[in-house]
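The same subunit A turns up in both complexes below, where it pairs with subunit B and then with subunit C.
Right, the complex of A and B next:
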């Protein structure tokens, strides 16, 4: 018997004007399998949905086509309507007769609208119902790192009730945060003691991740500690391995009393019993690394502090001051008002050391002349680089890094803290040069993401949305190689044959494997080959 | 094989080209009526058989539209699609279907103008080389 298909047309509150709906209804009713065609003007409102439910029940419809707005808006809502009417929510196909038909063309487009409905009818006939299933997940989180972002992420995760393990390679938490501390004025030791007092947080120091296996909800991590190796299970992994700084100095120049790093300069500023206060101070930044948010903030902050504390003459050599981070614009203005002199140069200044005095020579862009500055202290330019640990871990976890070696966001705008693999996140310095405001935003969004995934202890997924047919699969490993999300593994089925097994949890349902499989063994529900070809045949 | 019906089949990735096509409609940017959009979860889902079948069914041209280079939601989907389109060009040439009739376009969801430009360009090419 033919599948009973119901078509619901909607004129979107008469927003669709150039389609002759009466003629369209007559045409659509002729398609094979279409048992009823309804026209309404408010399908997405409660009234319309009620009418739809009663119609599905009365006519015993098996498949539904909705021809109205773009599926981007209400596909999900109409799926729920189907569920309420006792049909599987996936047995629905939408024809976009508004955005991509009526509004996109001049004149009467009834013909095209009918054809779009025909495409949807052809597709919906082949759709298969899909069940949802709950999969259990481990709700313990591993946070790798021991700096500001790692500690805060762990504290916030614990606050929302998730058990967390902090894994730090050093012997203690909170090392290497002095610069950040003096710039932003927070106290690391109080955070560390908060972590120690927290029952939800377990701290592993002098520990390293050796191997990671599994997928979201079920990562097994081999950790090497001083005493030996342990194997633990986690639901999600957060990388907070931070950044490292490197000085951009010529090799013959050495750090010392007169050439210092930002960190050393912070220490000088904090030292109440400094022997001689520097009279002239030079800063250099933004020549070697043009994407320098944190160094910019550090320079502005330290220049201002030196001016205020010692009243020294402060000169800043820069290529451009980028003030996109929070508070940087005000800081820059304040520094200028206080008398810090900013000197713009196109090429990095030349630095010579002469009898303990540093000579900086640069060509000022505005004066067009060379400037020679003899200063007591030079604060050298700092480069923000990813740590070795970030490199190690990203290759262990098999996640991408950007051209500079930082962790690569899945999508720069939409998913800034997620990797391309579900359940692996990164936060803070390991994903680029961030200011404190951004780091705090990162932490909150990671915590929200992890909470959403793991808090209930189970995840609702579409069962077998993408599935390899064990009869057809020849275990050629092509899909495993191409899967961008690492969701496919070889599994042994009954009878000892090894086939590709696609994890419902880790799969993003992109269909790349389905297109590339040479044996055509992979079945991608609702975008199967038949369903796509049926749409083409309707054209 | 059916007689060419002058249609352009556009496989649109639901993360970029599909919303771009939607916003073209919403902004009232008009484009030729002969475009038929098929929504796919990623440009990487588009297989050779889909492209060839579209021509077998009388399409004048086929567009595969995915995310911008380096911004694919599924990382490698758009590059795989590009390779596949390139290969399909070779196959089509063998059956005397001019290579210019299948094209890969990269666009972002906020680029409705690019969608319209791509469709217009394809329409022009098909008209010039005869329907």
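Right, the complex of A and C next:
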């Protein structure tokens, strides 16, 4: 028996004047399968929807075509109407006879409107219902890293009731946070003891991730510890592997008493029994690495502290000060008010070491002249780089990085902390250089994302929205290679054949696999080849 | 999280991010906005893509707006303002006043008949911007004859669905909510305050926001005076940022100015574009390559112009100090774009008084302490987005989600405490 299709036309309160609706209704009624054609003037209003529901029920319609305004406005609402009338909401196809037809042309467009409806009728005949299904997820979370971001993510996850494992490559948590501590004024040791007291948090130190398998809700992670290897299951993975710094120095210059890193300088500031307090200090930033805001913040803080602690003369050489973080402009003002001298230069200064003293030569843009500064201590420029662990993990997890090697290649359609694979998130320094405010925001937002995914222990997804036909699939692995979301794996079906299996949980329905499959085995629900071809045939 | 209600004040991108996260976690959300359409400022920003995406995130906003509007657990309250607040975390009582729209958004089918018959020029009833949600026509009380005491009834009688009604009074209602998220956004710095730059006096001086709207509306740039394609364009950075009254960097202007400049260069490769700046803020994701790409083709001048004058021939003469040459220079341009910064919202003071939350020195809402990002001095009231300080779209989204996260946590904790009693 032929599928019963109902067509609902709307003349938009009789505002569509260049379509002859009576003629259109007659034409449309002739299409195969169309058992009823309704003309209304208020389809999107409550009364229109009510009429639609009763018509679908009375006529026992199986598929519905709505010819009205752009699907942008009301497609969602018409889907709900179908559900209320007892039909699957996906068995609807819309023809845009207002924006793309009536309003787009002058003069009579009845013919085009009829064609648009014919296309929709041809498509709707082939549409298949889409069911929702619930899939179970493991609600334990793996946080990789042992710094500020990692510790706080674990603590916050625990507070919303999610069990967490902290995996740190060092022997203890909270190593290497001295510089951040002195800049931001938090206390690592109290955070570490909070983690130790938390029953929801398990800490694995001197541990490394060796292999990750599976997908959101069900990752199996092979972890190597001193005693051997263990296999654990997690629902989500959060990377908090931080950043590292490298000094930007000419090869003949060496770190030492007179040339130090920001971190070493922090240590000098914190040392009450320093032998000689430096009288003249030079800072350099923003020449070799123009894309980081962290060196600005470190320099401003350290310059101010040196001025206040020792009353030294402080000179800062830089190209542009990066003040696009909270409170940075105030800090910059404060440093200038305190007497820190800022010297802008377009090219990197030349540095020479002579008798334990450092000579900095730069061309100041304001004076237009060369300046030579002889100082006791030079705090060298630092490059802000991703850690090796970030690089290792991202290749293990097969996730892309941005041009500088940090996590999350900028994809505007993803949330800032999300990766292209569902269930894998980034937080803090590993996704770029962030100031404290941004890191805190990251932590909370990753906690929300994870909570939403895992807290109920199950996820509601559309079932089989993208499917590989096991008859046609030749296991050529093309789809597995191109899927950016890691949603496709080989699965063994009855009879022992291996075919591509697409996980409903991990799939974003981007359609790349369906487009590239050489055997045309992959089908994208509601956009299957035969549905598109049927529409083309109508024209 | 069923049976919990949260009020989100402001339906810009951060408010929407908060509302969506909470609603997806099972909380019922009231999404309040003083405007007639949802989406706030960023919904009207233009796509800045050339033949590749420039990652401005403007397109993300519209998708999120649609998701929020159709979400079953989010109730929209447009045209509404908050009048009074009492109670505490877990039991706030909020008085809301909703101004009439005069066009019923449930009944308006956007057919356009009312605009056709409206006798006023410019029309007193018109469609919202193209991507607005809800897409329901807007009646401008200031222009409508009916509100000037005349008896015009043309739009009301022509409306096929009887969506237009004039004799409506503001509606008041009381909401009971467990927590409140403030996401009231920002106001663009009013460039008229810098009189010497000539905004408002010279037609060819635009702000960055004007330029966004030109590209959203037309898709290309023409001189407002004679409709010709501008050949020589200047961007002036830090207008309303990093000065005595605004001791902060607005964080978005270098990015949008450079991306808009890139778009102008793409559409007209012969156009000369100059950017006057103090310090270039090239930090942040994906921006490094962008800067590298345009470093050669765009002229960057260190120094902020002090004065713009119009010459007899209608060109704009910009007087600036070229720091690298150490002298005062003059240069003429067809079009000058002022990269206006982010200022605290005008209603920030009133709202701070109603809610009892503190303001920071820079005029934005203040955080509780330096280790919090959303908390205020009042338990149960959280901040999201640019009402707390300047942010770009991705940062606003992240901050909105973070506010939702904090809200979820206090709701969960207060629920478990009550069970404990």
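Basically, the second predicted complex is superposed on the first by the 420 of 539 C-alpha atoms of A that agree within 3 Å, B and C clash if a C-alpha of one lies under 4 Å from a C-alpha of the other, contacts with A are read in each partner's own complex, and residues count from 1 in each chain.
Convention: a contact is a pair of C-beta atoms (placed from the backbone, for glycine too) under 8 Å apart; a residue touches a chain by one contact, two chains touch by 3 or more.
Since this is a predicted model, take the numbers as computed values, not measurements.
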item: Touched partner set for A:18, first subunit B, second subunit C, both or neither; value: neither
item: First, second, both or neither for A:45, with subunit B first and subunit C second; value: second
item: Subunit B versus subunit C as contact partner of A:539, first or second or both or neither; value: first
item: First (subunit B), second (subunit C), both or neither touched by A:280; value: neither
item: Contacts of A:115 with subunit B and subunit C, given as first, second, both or neither; value: first
item: Touched partner set for A:3, first subunit B, second subunit C, both or neither; value: neither
item: Touching partner for A:365 - first (subunit B), second (subunit C), both, neither; value: second
item: Larger contact residue set on subunit A - subunit B or subunit C; value: C
item: Which superposed partner A:205 touches (first subunit B, second subunit C, both, neither); value: neither
item: Subunit A positions touched by subunit B in one structure and by subunit C in the second; value: 72, 410, 412
item: Residues of subunit A defined as touching subunit B within the complex; value: 70-72, 96, 98-106, 109, 112, 115-116, 119, 400, 410-412, 420, 482, 484-485, 508-512, 514-516, 524, 527, 529, 532-533, 535-537, 539
item: Subunit A residues touching subunit C - in the complex, by the definition given at the top; value: 12-16, 41-42, 44-46, 69, 72-73, 76, 156, 159-161, 184-186, 290-293, 320-330, 333, 344, 346, 365-368, 402-404, 406, 408, 410, 412-413, 415-417, 432-433, 436-438, 440-445, 447-449, 451-452, 455
item: For the subunit C and subunit A complex, residues of the former touching the latter; value: 21, 24-25, 53, 55-57, 59-60, 63, 66, 70, 106-107, 109-113, 135, 159-161, 242, 247-249, 251, 254, 279-289, 291, 302, 323-326, 370-374, 389, 394-395, 397-399, 401-406, 408-409, 412-413
item: Partner subunit A, residues of subunit B touching it in the complex; value: 5, 7, 9, 18-19, 21-26, 28-33, 35-42, 44-47, 49-50, 53-54, 57-59, 71, 73-77, 80, 84
